[in-house]
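Naming follows writing order (A, B, C, D and E), and every chain is counted from residue 1.
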């Protein structure tokens, strides 16, 4: 059926189907997919990422995983991370950050810091309501705001967090095993040394005297 | 206060249309005068449009609704638009400035003024002559009757008594239109 | 306002853009018009210029990856792919099979959503009040949701890595994607019913911006614009990168080379992409997704140079990389399809009406992030 | 015939014996070896590459300028759409980086080089002689330096940019005040 | 007469909705008389005439402005739904107060006049645009006996006054001193002059068949039912249908609606003649366009859709003026529906469509109407007239369109 104007007619039918369909197709979200944002909130997929945060275990002061190695600061493509290493009262460098700032108005959420972090310390958050009237005070996140617990990490990226924990656990076990082995070795060495020393002592008591 | 109110009410408001015609007449004259005197061509054309509108209103005040509306439709809707278009599409003023030989003539302004005055006088004389000496002019039709004269009568008159002149005008206009189209086409080719 | 040009012809110079509703961003054209007919057109670039190539020279090789997302921000994943491919050529990196299949899947989905968005954009350029655009974006939205589930971001995916992809498909993602792609032909049919018969659309697109095959090749057009002119050239077939040689698909090409052919080619390419996707869904193997030999930190390709290119949705996206063996690229050059497809814009536009300029520009399908870089 | 740099080189040598052209080795695993043409012969060689029935390199896909310490280079990646082969990498070199930074433009041969040569001129300062419309492409016309050069010094304040606003304002207001 | 009596009449009036507006007007006049008696003077007849005129003017302006407000939100709602969106739903229940918010926004916006603009003309243009648009509705018969001025040359009046909007668009475009504006204005005028012809021609057909130029007369000519149920509206005759469609498209063009929105085609000309307008001046243009659109569609209802006549005999219990507005609402809906579907014409195609398709079709419809009339206005006439419009339709459709443009004549090659 191809009379002049039939194409327009077909188009009108399609737009009418969409017009009325948007009232009836709602349940399957086939046609009307708009989310009414402040009331309806999207369920973010697990992989969803926005800005980085720092993971800590247990206590935010002691459990901080970051060792201020500054790898992420170097790798960050837009250079939005600023890290200063902490020092103790004697001025000796400590393996934890004193300042850890992320300027999220510069951050582009690329996740390269996460990939480059060898200590599983920096991870991606999925917050998205961060707009503010103040460019510097509220968009430059200091360490206090960046620190979030491992439980929070588990709540937003369960699969990834479980993998991370497993990795850390494996590393810990390996380390422990290594430490144990080392300790055993050391103990053995020590024992051997003591034995040797004892033997020496026993063999040369006179020379000392 | 009350007396003043009474006096205002007592004014001959019912006869208002008989002298209210002065308003459109004034607007018409002023528009025409402005159309002649303003420097900006577009402003002139717009003032001309204004006087067309006022003329249409005058026709309606005289009870000639059909003529009034045709005046609006044809002159405001078409003629004024054509004039505006023509002004926009002609190169802006530069041609006249340089190439006009008359401009260099010493008394050109005086001659122009005299010529204009002569034409205006001739038009005025012929109009007055038509009003006062034409045989139909004295046969005053009462306004009421004019208003009743329906569209049908006009149509019958046009298509019965004056069919030939009407068709001749139509052919003339068509010829002019075709000519204009041909001219425009030729220019595009070159 | 008006100026005399030559033999009394009146022309009007209009600067379309950079702030103009339908220049797809901050593109600008200096147009000289005779009435409404275009007699001269000069594109002006650079309003979105950020010297991406210079920035890349100051970053690690991987550090440029997220910036490629922002080139053609409609289809970031294929940009990633182009860069990753060039670096893999440069450093001779092998990519595991599963990663190649994932690349094909996300790449073809990118192509589908780009072409779908195109259908909406060009209707917008023709002055339809956004209906086609909203239908197109409705479907694009669903693909972006899938991307978000996979890469974590809707647009700025940053998904490819040298020697593979960043993360594996999440559980259930493949089923979701497959189920969604099954519904796509129905949407396309509806869209075709809505658009392709429409008499106004036909008269706006047919015979407008015709480009011959010979000129198209000489002018460096690529992608659907080149194929619409009747040239059978698809880098997926010619170079056979990735696992495309293992997948069966056809390359459509037009016969006239006008805007309508460019429009129809996009629809036909979406249908082919659906074929590719269905095969890829069926064939995807298990296995690693990243070549373990490639380091994340301190990646240093050997000295030399390489030119890698892919068939992006908009055309040939190439990366010319020169390495001096260091952690940073010595030279990083992009061959942006959007910019080079504009080479022949003036030739297509001269003699058409001003309204056609917008349609021709729309039919080339540019993204300013890529044009200006 | 399979197009490799060597076969192309042989073919060019056979047809244009006087052309100064040599093979440059590329140590990278990509194996894209290139042909270095002397700039005086480049246009002739390019014409030959495009029109020779055996080569038919009709598609100049990519043109990029590269800044080396002592010279600038323009690199052309040529493909043959007719034979579906490529890339053949063609390079031309300038004499030095400042006074003699001239190269012949290949835009008359491949129209696709148009914008990319302009870009190389804009960002690297390679002057392409014979280019139909050699203007800056991405930077604004008043910009003086070439930002993609290795020795380019970025200004302290990127935001600062002298604009001719005052002049333009004067120009606009002049006819208004007359009228 | 006293006030209580006046109050008592209100429920009485409301009992008969058919004559409610007319009786309401009478009530107001009586109220004025009562007010006069309160002051102690006999209200002279000219005051009553004046009040009568004022009441009608206020009523018409109020009704059309309310319709404009409702339409502006309704249009966005329909358009949104056709595009699978929600549309405005934040201001008030279902977004109904959106026009209020828009009005406040428009009023508080800065009124920018370009430096080089012709300031007087720039200022006058929106007024010149709005005045004819507000005058237009006076001659439409909204219900039985409900017409503000029953002009014997009503149809002519409509087109004559409507010509004013062309001038206004020209003023706006020219005075802005903007290239987009002037292009938009030129387009607008070319378009309006071109489409005035088919518009007037299709109205002329109806005037000839009805034998009158008076809108009321035309509506009365469409009264009654064929076979007791089939309405005698002109749209249900072949020539009438064609003329109605022609009138509809010409009306779209005259009111600058999609797909004929070239003058303000935002993808090419930013906003055409409106580019340099902001704030309340822009709102005035907007208002004028909508009121003009209602007026011209009201004329379409009057000419072809039987005006205030009910579509079926048993539906006559609904008051006649309701029918008029129901039909108008349907037309308004269809306008949005068309807008949601179609891309815009190109300028030369639009002119071709007007001169090569619509004008010949309107002549064909005139011819067909004559055949219908002389064949006795019965079924035979219906058949003849249908053939007489169908042949030119397909012929013109082929020669103007299908010959040049078709999706079927394209071939696409595939390579494996």
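Methods note: contacts are C-beta pairs under 8 Å (C-beta built on N, C-alpha and C of every residue); 3 or more make two chains touch, one makes a residue touch a chain.
Given the structure is predicted, the values throughout are model-derived calculations rather than measurements.
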Review point. What chain is the most remote from chain B, judged by the mean position of CA atoms in each chain?
Key: A
Review point. So which has more C-beta pairs touching, A-C or C-D?
Key: C-D
Check your understanding: Taking every chain's C-alpha mean, which one sits closest to the mean of all protein C-alpha atoms?
Key -> C
Exercise for review: Please compute the C-alpha centroid of chain C, do the same for chain E, then give the distance between them in whole Å.
Suggested key: 44
Study note, to complete from the structure: When centres are defined as mean Cα positions, the distance from chain B to chain C in whole Å is 61
Point to revise | Geometric centre distance via CA averages, chain C-chain A, whole Å | key: 33
Review point. So which bits of chain D are touching at least two other chains?
Key: none
**Study point:** In chain A, residues with contacts to at least two other chains
**Key:** 4-5, 7-8, 11, 14-15, 18, 31, 33
Study note, to complete from the structure: As the complex stands, chain C meets chain D at residues 45-46, 49, 51, 53-54, 89-92, 215, 217-222, 231, 233, 238, 301-309, 316, 318, 320, 322-323, 330-331, 333, 335, 339-340, 342-344, 372-373
Check your understanding: So in the complex, which bits of chain E are touching chain B?
Key -> 41, 44-47, 118, 121, 151-153, 156-157, 159-164, 166-167, 170-171, 174, 182, 186, 189, 193, 196, 213
Practice item. Give every residue of chain E touching chain A within the complex, in rising order. Key: 78, 81-86, 337-338, 340-342, 393-394, 396-398, 401-402, 407-408
Practice item. Give every residue of chain A touching chain C within the complex, in rising order. Key: 4-8, 10-11, 13-15, 17-18, 31, 33, 44-49, 71, 75, 77, 108-112, 115-116, 124, 159
Revision key, fill the gap. The chain E residues in contact with chain C across the complex are 79, 82-85, 177, 179-180, 182-183, 258-259, 261-262, 265-268, 270, 339-349, 401, 404-407, 410-416
